[in-house]
Amino acid sequence: MSAFLEKNRAVLLAYDQGLEHGPTDFNERNFDPEFIMRLAVEGKFNGIIFQKGLAEKYYDGRVPLILKVNGRTNLSKGEPVARQNCTVKHAAELGAKAVGYTIYPGSAYENIMLEEFGRIQEEAHRLNMAAIAWVYPRGEVIKNDLTPEIIAYAARVGLEAGADAVKIKYPGNVDAFKWAVKCAGKAKVFMSGGPKTQTEAEFLKQVRGALDAGATGLAVGRNVWQSSDPLQMARALRALVIDDRSLEQAVRV
Amino acid sequence: MSAFLEKNRAVLLAYDQGLEHGPTDFNERNFDPEFIMRLAVEGKFNGIIFQKGLAEKYYDGRVPLILKVNGRTNLSKGEPVARQNCTVKHAAELGAKAVGYTIYPGSAYENIMLEEFGRIQEEAHRLNMAAIAWVYPRGEVIKNDLTPEIIAYAARVGLEAGADAVKIKYPGNVDAFKWAVKCAGKAKVFMSGGPKTQTEAEFLKQVRGALDAGATGLAVGRNVWQSSDPLQMARALRALVIDDRSLEQAVRV
Amino acid sequence: MSAFLEKNRAVLLAYDQGLEHGPTDFNERNFDPEFIMRLAVEGKFNGIIFQKGLAEKYYDGRVPLILKVNGRTNLSKGEPVARQNCTVKHAAELGAKAVGYTIYPGSAYENIMLEEFGRIQEEAHRLNMAAIAWVYPRGEVIKNDLTPEIIAYAARVGLEAGADAVKIKYPGNVDAFKWAVKCAGKAKVFMSGGPKTQTEAEFLKQVRGALDAGATGLAVGRNVWQSSDPLQMARALRALVIDDRSLEQAVRV
Amino acid sequence: MSAFLEKNRAVLLAYDQGLEHGPTDFNERNFDPEFIMRLAVEGKFNGIIFQKGLAEKYYDGRVPLILKVNGRTNLSKGEPVARQNCTVKHAAELGAKAVGYTIYPGSAYENIMLEEFGRIQEEAHRLNMAAIAWVYPRGEVIKNDLTPEIIAYAARVGLEAGADAVKIKYPGNVDAFKWAVKCAGKAKVFMSGGPKTQTEAEFLKQVRGALDAGATGLAVGRNVWQSSDPLQMARALRALVIDDRSLEQAVRV
Amino acid sequence: MSAFLEKNRAVLLAYDQGLEHGPTDFNERNFDPEFIMRLAVEGKFNGIIFQKGLAEKYYDGRVPLILKVNGRTNLSKGEPVARQNCTVKHAAELGAKAVGYTIYPGSAYENIMLEEFGRIQEEAHRLNMAAIAWVYPRGEVIKNDLTPEIIAYAARVGLEAGADAVKIKYPGNVDAFKWAVKCAGKAKVFMSGGPKTQTEAEFLKQVRGALDAGATGLAVGRNVWQSSDPLQMARALRALVIDDRSLEQAVRV
């Protein structure tokens, strides 16, 4: 994970929403991976997250790459499952320093994803890449995926499965996230940026909470590139995450 | 994709309907792949799309070949899925410059097709072939596959999955298609010809709209070989697509 | 396919009914594969169709062998599927000149069979064997598998999938079969013998119809070895198929 | 199969019930594989049938080994399926002269077992081992698995699938079994011992019937090792099977 | 299994609950794998059970390692299944002396786990590692998984499948467990610690019962690391298991 760390922290720019949610997340500017690539550089992000198609056509090497090697659309209902769509070898050829993979614990297909991640993680380590798990409990059984128990469970699944870092949702308060971070042990924890919050302060407060809880940083997409001033948001996030500033200081950046 | 491009545009002749729809699409002339092969040459198409069986028995090398490596009949209902029925290596041996593969986002089996396309795309690139994705959102959840959102999502799935080009349906107006083309980024966009329109002018208008929206061209089957004068239709399409003529000029060709 | 052709025609002796239907098809004589092997020789059939078990224990090399490499019992209901039960390499070792494989278009598992046949066909060609597809549309959706549309679709599926020859049912009249033969293109067409007809003349009439429609011949089992005089029936079939005699002449043989 | 034959007959000692039925089949003596191994030797059985775990820990080489390479518990309902749990190579390393595999024709998963048996059979032959099929029609569709038609079908499935020998149930009368034996052709037929009969004479009568019908012998477990005097039963069976004695003579042994 | 045995007995420290049950099993101390690793050393456990993620980040080699190579969360309902998430080779690289694998007999997916365990067991033995089966009958059909019949069946499944040792639940009384131990034959039996009992004496009594029944020892997690004095509990367990003390003596340790 060292490729992504700055003062042991990291702000990662997520841009796999085109596959996961479709272009309804996009506007006339942020639909363009070139805009995002530039934003990653100018916003001094510590990593950028692409699906293979974007990495092949837009990645320019100026920011460390996390290649997401599975994904699904939100068009299909039923129990969620996403399978590997890019070999680890190809991720390495594209210059990735890490692979990302989503696991949906609670899905009827959980076993397929735990199996596949297990294989991918071993291959990634052999090629000196980190393996990052997106862990989102989901499926018919999960009524609320933001309870402290569920978030902590997600964190732990990542640790047990061998992830170098785990990306999980913020459960709304510092204490719950603190427990999740503890349960993740030596696996680094990244807060999942999630949908755009009503105000930017609201989002920054979540991030500050995650850091106070022990997170290594966050992987953020919509709250940056849907912002009216993405670079300003990037600066505020760096102030919080890398320079460990207070919420007040970050808001003022 | 350069093998197929003429002035950065292309008109591709699609002929995988025998598997996808069955001979109800055919008449006494166009059932014959030899007729289609000849039409591709005489109509100066930039590429021809065959399933392996047709390529093995009828392809003569005079027009660049796109080998469709999956397909299904329309006899089975349920969630759609089509798996690889031709190896990439065999496609190369048959002289193909590209492989084509259909993905049905929204199907309960979407994950199988995303996985399979991912593997096929890497193999194709290793053998210097392009990978073209037919992306048709379909399945129990998709009520209308022609909304601007669905078409744009289809385009984006192709880009994210690593397609060099994506074949999608025309949503009925230029603006919606323009958004889809944007969302496809550096993946080239081909309009899917679709079923024969009532008048030829109606079809040409769609094509003109697709081009105005930024499409590279189209892949067309029924609107050419079900036409009473396929070569005439081919000329009109070349006028529009390759020579970038207006609808009026094309109709007059 | 040349190994099986005599004046570009062929009468193939099918004997995979033991697996497909069970011994209810058999009597005290025809249950015995030795009887069938001898019948193939004495009846001058152009090919014999065995599952691997019969080929291993009874095939004596005196008639070209088509090894059927998938099959199912009729004991299981539900959507039909049959998977490969014999490697292509083993078929070659057994002396087969062709492999046979059943595809059930319309089945929920159609995609599995199209995928498997695709792989088998390539392997067979690499080993200089032909690939023959039994194509029987079946499944919950198919209400009548003898309509001209369904039969023509079956023929076309075989062609598109890369079959050297396709075995399909006779739809009851020459014109419908003619269309199917056309749709099969350069894939040779064999009429499927089907269950024993009430009179032998009735069966011979179907065969004559199939030939008039352009078929290469037929693959026949029950109408020969359930006949009271199988060799006599074999002679009549050869008269029709190989010597292209009229129905009247054949009946008189 | 020659490793198991004595005067072209064989009495095989089956002991895979621990997996198939669980210890409810066992008493304080026969739960112990050592007891069974000893019984196989002292009872002069022509073969012993073990799952891999028993072969690894108890097999001593004094009786030819048939390694059962699939199996299931009777705890799960639904359509029956059992997959390969031991490689053919490992079976050979354990000293097996044959592998055994259960096929459930009529199950919704029949195709998986036919495919798997096909592969296993080829591997076994390459390693000079026989392949024996346990064929038990079962599944929602099969109402009565002891009709003459079903038993004959089972026998034939084994032959067609390439089994060197087939293990099937006894349908209750000689004539029905005779037909089954005929349908099995050159595949040897072993009667399945089945659950313990009320009297030993009843069981011996079934065995005599099977032999009169043409069976090579039987694979018997419970009717031997649940007997109050297993060695005595073994002697009676050898008298019937190997020495071809009458029922009366065997009862008197 | 010799790596784990002390006077032919063993107390194994289980810590795969983070994946199986989630952090609800944990408190502020035992959530930490370092605490558990230290406890394993100081408590003189004969083995420690980790998922790959914990072994990679926390295992220090001072206690023999059992690597659990499958696992599932308790978030998903439906028929239970857990697939291999760590290669046997990787387990060996991590220093494991054994691999652990859970089989759920009675599950609709039982056949997948029996197949997978079969393969894993062979690989483990080739790399000189033991294969330990967690056998837990479960699924819609199993109403009570603690009956003597079910426990004995579980033990036997482990033996038949080739496990060197089997981990099963304690059925509540010595006689029932004695039968299970007998049915496990030469496969060693470990009692599954299970959820924390009301009093420590209650748990120790179960362990004593298991030993009296012939068990080799136990694999215990919650009853140790949820204890207010884990080292004290470890001492009591060693007294019972390794030194074969009476319940009274162990309670007094």
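Order of writing sets the chain letters: A, B, C, D and E. Residues in each chain are counted from 1.
The rule is simple: contacts are C-beta pairs under 8 Å (C-beta built on N, C-alpha and C of every residue); 3 or more make two chains touch, one makes a residue touch a chain.
All values derive from a computational prediction rather than experimental measurement.
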item	value
Chains in simultaneous contact with chain A and chain C	B
Homomeric contact chain A-chain B: same or different residue positions, threshold half	different
Mean-CA-position distance for chain D and chain B (Å)	56
Separation of chain D from chain E, taking each centre as the mean of its C-alpha atoms, in whole Å	35
Sites on chain C at which at least two other chains make contact	none
Topology of the chain contact graph, where touching chains are joined (line, ring, star, complete, other)	ring
Chain C partner contacts - residues on chain B that touch it in the complex	16, 18-19, 22-24, 26, 31-33, 51-54, 56-58, 71-73, 75-78, 81-87, 90
Sites on chain C touched by chain B in the complex	105-108, 110-112, 114-115, 117-119, 121-122, 137, 139-142, 149-150, 152-153, 155-163, 179, 182-183, 185-187
